[in-house]
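Input: structures, listed below.
Two complexes, one shared chain (subunit A), two partners (subunit B, subunit C).
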Partner chain A sequence: MTEPSMTSPARPTVGAPGAQLLEGALTVLGDEPTSRVAHLLSLPQELPLALFSAMARLRAFDERAVILQRQGVIGTYPTYFGEEAVQAAGVLALSNEDWLFPTYRQTAAVTLRGCPPEVPLLMWRGHPGGWHDVMRYRVAPICVPIATNYPHAVGAAWGAKLKGEKVVALAFGGDGSTSAGEFHEACNLAAVVGAPVIFLVTNNQWAISTPISKQTRVTRLADKAAAYGMPGIRVDSFDVFACFEAVREAADRARAGLGPTLIEAVGYRLGPHGTADEPSMYRDQAQAGLWAAMEPLGRTEAALIEAGLADQQQLEQIRKSAAAALFDVADRLAATPLPPIEEIADSVHLRTPWSLSPERLHEPKWISNG
Partner chain B sequence: MQLNMVEAIGRALGQILEDDPSSVLMGEDIGVNGGVFRATVGLQQRFGDDRVVDTPLAEAGFVGAAIGMCLVGLHPIVEIQFDAFVYPALQQLFDHAGRFRWRTQGAYGLPMVIRLPYGGGTKAPELHSDSPETIFSHMPGLRVVIPSDPRSAGELLLAAAGCGDPVIFMEPKRMYRRGRYEVPEALLAGDLDKAVVVRDGSDLSLIAYGAMVEVAEGAADVLAQEGASVRVVDLRSIYPLDRDELLSAASETGRVVVVQEAPRHCGVAAEIAAMIQEEAADSMLAPTLRVTGMDMPFPLFQSEDEMLPSIPRVVATARAALNY
Partner chain C sequence: MPEFRLPDLGEGVTEGEVVEWRVSEGGSVARDQILLVVGTDKATVEIPSPYEGTVDAILAAAGDRVEVGQALIRVRSSAMDEEISRPDRVTAPPAASSETPHLRRRAGDHGRVAALPAARRRAASLGLDLEEAVGSGAGGRVGLADLVPKGRRVALRGSGRVMAQRMAEVHRHVPQVTVVLECDVAAVEAVIARRGPDRRAKISILGLVTRAAIEGLHAEPIFNASLDEERLEVIYSDAIHIGIAVQTSEGLKVATAKDCGRLAAYELQAELDRLVVAARNGKLTAPELTGATFTISSGGRFGGLLATPLVNWPNLATLGVHQIEDRPVVRNGQVVVGRCANLSLSFDHRVIDGMTASGFLYALRDRLLDPSLLMS
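Up next, the complex of A and B:
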């Protein structure tokens, strides 16, 4: 059924850059056609297309955000082109009761929990309306400083466990974050207290310009889990079905009281670090080009068609409507009024101190009145 | 009942655990051991190890975890073992704790307390005598509270636990066992934003907090013998400052000396002096003066009395203001 022009769902052929890196990583799309088709058909009926739709929405958001940055509608923006499978699986493999702790690169993950896309876009427009409703979506504010969201996820998971609730927490992160102290402190604490938490680390080989070889001597980040006494799973980051299985299994373990899991989603950063980054300055772009065949939406499309779960036209339609939903988003962003600074100052404390009161925000009155 | 400061803190913690089923104590050695200062003695036995939790030795990790706990409805009270041990957790406090409510446009706060035994005068090793209140009060979104005696410690700790935002609750460990004083059997939450006039006077105001309140009172005794009527103000809240009480003290006495054991540069005393300069200059009869620690690492303990403001230093500075 696979159309010859389309990306094969299989992993790259031997000799391609991915073959070695992905060796031993959990895969569905890299399996023999019969077993991957069987896997897709074994899933709950709605799930394969739901995963694809989620990825299509993430892609549409990302592409629109890059356009909006070029147009000057938003500021600098960290694109996640190629990471859609990890993000979609991370959100959809959990229930809406579970907590997510995104970084700045999973800025649109909250939209998969029902938050309108203009909210995270307002963030990149420098507007306080960009802070989504944390409690409503059970998604923490996006975390800018590297690795510092890991302890938050541990605390939420541990806290839920202390309260006797079956809630799981998932923290996103990247390869660079595993060098930071809070990755270690969080993993260690999580394992010690048996926190039902999932560390979902995308290893895309690059932290801005720093390759993984300058980040760690461990070639498989999942191996780090052994040091904490928790399982470490490697999964193909471009394979949404494999990512879904990895997260679901980790969540099952967590809910069963078996504690944390480290998941290393292995792949390659297909795009730049962000809109202000120029990868050709520090890496061989031909290498990145070889990985382009792994681009997760194309791979998923091919697999869905191969399994007879959708046809090309249907999938095109899903992509088109995801993009169309964002056509007028710039107008909606522009129409969102900016609150005065007094209102923003009033949001810092429950009881606003005098120094943040409207009459005291600036210089004392006798000065400003001349 | 008669309690010293550390007993009053323990009693307040017990009362919080009793009254608020969502409260959780966490920190290093606070369980069976009752904390290195014994503030939590008996609490794990009384409330169980789900409410009084020993953590690994990793301040950034467990302060970060406390933030996550708040999201699922818990009210963590975190003990940091010693002042300088909080430095690994500063990123969590500055980047996350203080910013959380702002990140929700005011909707949700983090009801957490960081208990921080601090300050010198206990002949402790290096990095066990720091007074880092300034850095917390400079970073947005954190309240900074410092009691000076057993009763204020208990009452302010209750208030901190109930305030709905992160509070850095700094305990002057030199005062932990400085005698037992009357503390109500059932503590009531104090007022988190209020300085307290511990002794009234009309010639000069000594502004102090933590262990320096006792020093200021000692100085006021000496000055009283010389015929000066000295007001002593216990600041209690480092952020926000009690502007009304401070400006009253300045305008009613016309002379102010601020005492802090922290290093001088950009300290609390400097902020108070600037406030008085900007808003009460017309009433002042003398420049606002400071008695502070020095801009250097807290010395090894044989020299600590040189670092810490003493009664003679405060008296000498007050005389300079009185004779200006």
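Up next, the complex of A and C:
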């Protein structure tokens, strides 16, 4: 399932749908080779490989999760294939004290803060062991209802500001989420109170089957920032170094008391929306395939080799060991004792509904699986 | 020996089709190696092997429809059997069948339980909480079949409770009888088709029938009276207040057109239209919900061939207007196609006898046969 390595393409093949969106977006990999290499060499020594390793771990998690879904070990799963650069940069450009507010598409982000991957996988398995320690990792529980994590992030950031902490909050989101009321309220309030918050919106041009053209008349989502009186940055979502710069700049501003920033990470959703989605039903997959060249791990690999920071073998090894760490994870998930069946409803309903009452759950048909 | 069973590949998918096998019996298989391709109504996907070993048996052929939980392949393990028995347990979800609803709901959903609109209505009418239903449709969608409250006691609430008490009360009090007549409504329909004076107002069948009934009430005031059961005295009402039975989402409501005995056809029509809309929107005021002296129940397109409307006690009679349709009628010795509807009159037989009731209904029919006289 590993994608073949790429040789440093800076732009997708001509004709990829919406490719013009990348014009003017912040890029490192798209620069001239000399400035690209110079940029990588100017970074702290460990950083380029750390970013690559983080992406490799995210990729390994994602690929394993898709396999586990197909095997029935976990339930539905929203793959983030192609979004690894945004996520790795979003986490690594902040300190471990800063808050992350993920959605359904960034469930492995917490693993970059040290949480074992079994935890988010258990969550997708519907197991209460899937709740990570929010206060320890400073990562909020995921929000599935679109855009609801934005106000949470603003609240956390504003609270930190009032308490005099130098903490930043980063909320992930997608192009579709910018049409939701919560996005507007969160951006407005954040700007008004100068909350140290970063809205990191990945414009992958799709919200399930709704294309961006049916989502908004604003072609550049970052332009929406102007309406709230905050800066908007556009960045190539497949370029981990550019994403890192964008988030770091936003975090610096936030810490300096200059308030929120909207980052639009421009790209394309390379995979399906999730494991229950069939993109060929609503988009031209041949056209979509033209974006495949932007796949971020391959581009990063090529850039690292070009800058002499790593060789092919070393990078392959990083990918392999990330995958190997998850090879047997199904066994570990299966070995996690199942909770008592009554717990299904414990943290969900105030008043346990009749269909989930202990008597009913213990009817033979529910437990035929042993 | 571990068997791999078809998991729920989508969100609440219950079955799929084997598109093709990528391994064959007797061949070896590695973990994560693609075993087969399965198509569901959501997507077509490759299924990687959770086991390593030799393929012992393929249990479903390409082209077969397979249910979630059905065994697809048996693999003889190269390692110890105990070791791989664990993932086997993981991968066998409860067998899905019509008797085995499953809990999974669509993860992308935003709180609202997925349910067919008809199921929502039924849940509301049964007083069931949709949240509590276990959906067996695609994506855990709640269908009508999931809302059969087998073996449960469901408390009647709100309008259901009122209806239960009220109907029993009426039946206890009123020994009632119904007379029925068929009425040719061709002339009524011709009037309905005309435009009113301001070119917008239109008269309805309910308006004409009400107008005709009011004339009957003037002629036969006993139909606009009530009975003092203790003293056995008939109480004639001061005015004509017509109750109109309106089916609403909250159950049947009787909206009252107050003191409408002297209203001209278009005035009456406007008042009825206003009341019907208010009833459907739940906007009737308390006085508009009480005080009827005579009640009309018009079932419209769903009025049925005939029904026996209940007397709206303490009223003494209720008029029913039933479905209009083409029927064979005999005119001048010839069978021709006529536009017909049945009219029914239920009455309190303690006070009104059959002859009086029939007389009221025949007179009403006569008025409807020449409706231009009602338009004044």
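Operating definition for what follows: the second predicted complex is superposed on the first by the 326 of 370 C-alpha atoms of A that agree within 3 Å, B and C clash if a C-alpha of one lies under 4 Å from a C-alpha of the other, contacts with A are read in each partner's own complex, and residues count from 1 in each chain.
Please note the rule applied: a contact is a pair of C-beta atoms (placed from the backbone, for glycine too) under 8 Å apart; a residue touches a chain by one contact, two chains touch by 3 or more.
None of the values given here were measured: they were computed from a predicted structure.
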Subunit B versus subunit C as contact partner of A:154, first or second or both or neither: first
Which of subunit B and subunit C A:227 touches, first, second, both or neither: neither
Contacts of A:354 with subunit B and subunit C, given as first, second, both or neither: both
Touched subunit A residues, subunit B compared with subunit C: B
Touched partner set for A:275, first subunit B, second subunit C, both or neither: second
First, second, both or neither for A:256, with subunit B first and subunit C second: neither
Touching partner for A:186 - first (subunit B), second (subunit C), both, neither: first
First (subunit B), second (subunit C), both or neither touched by A:330: second
Touching partner for A:145 - first (subunit B), second (subunit C), both, neither: both
Contact residues common to both interfaces of subunit A (with subunit B and with subunit C): 144-145, 344, 349, 353-355
Complex contacts: residues of subunit B adjacent to subunit A: 24, 50, 53, 55-56, 58, 60-74, 76, 88, 91-92, 95-96, 100-109, 140-141, 143, 163-165, 193, 239-241, 243, 278-279
Footprint of subunit B on subunit A - complex, ascending: 99, 101, 128-129, 131, 133-135, 140-141, 143-145, 148, 150-160, 162-163, 165, 167, 169, 181-182, 185-186, 188-189, 192-193, 344, 346-351, 353-355, 364, 367
Complex contacts: residues of subunit A adjacent to subunit C: 67, 69-73, 75-76, 104, 144-146, 208, 272, 274-278, 327, 330-331, 333-335, 344, 349, 353-356, 365-366, 368-370
Contact footprint of subunit A on subunit C as seen in their complex: 4-11, 13, 31-32, 42-48, 50, 86-87, 89-95, 99-100, 103-104, 106-108, 110-111, 129, 131-134, 152
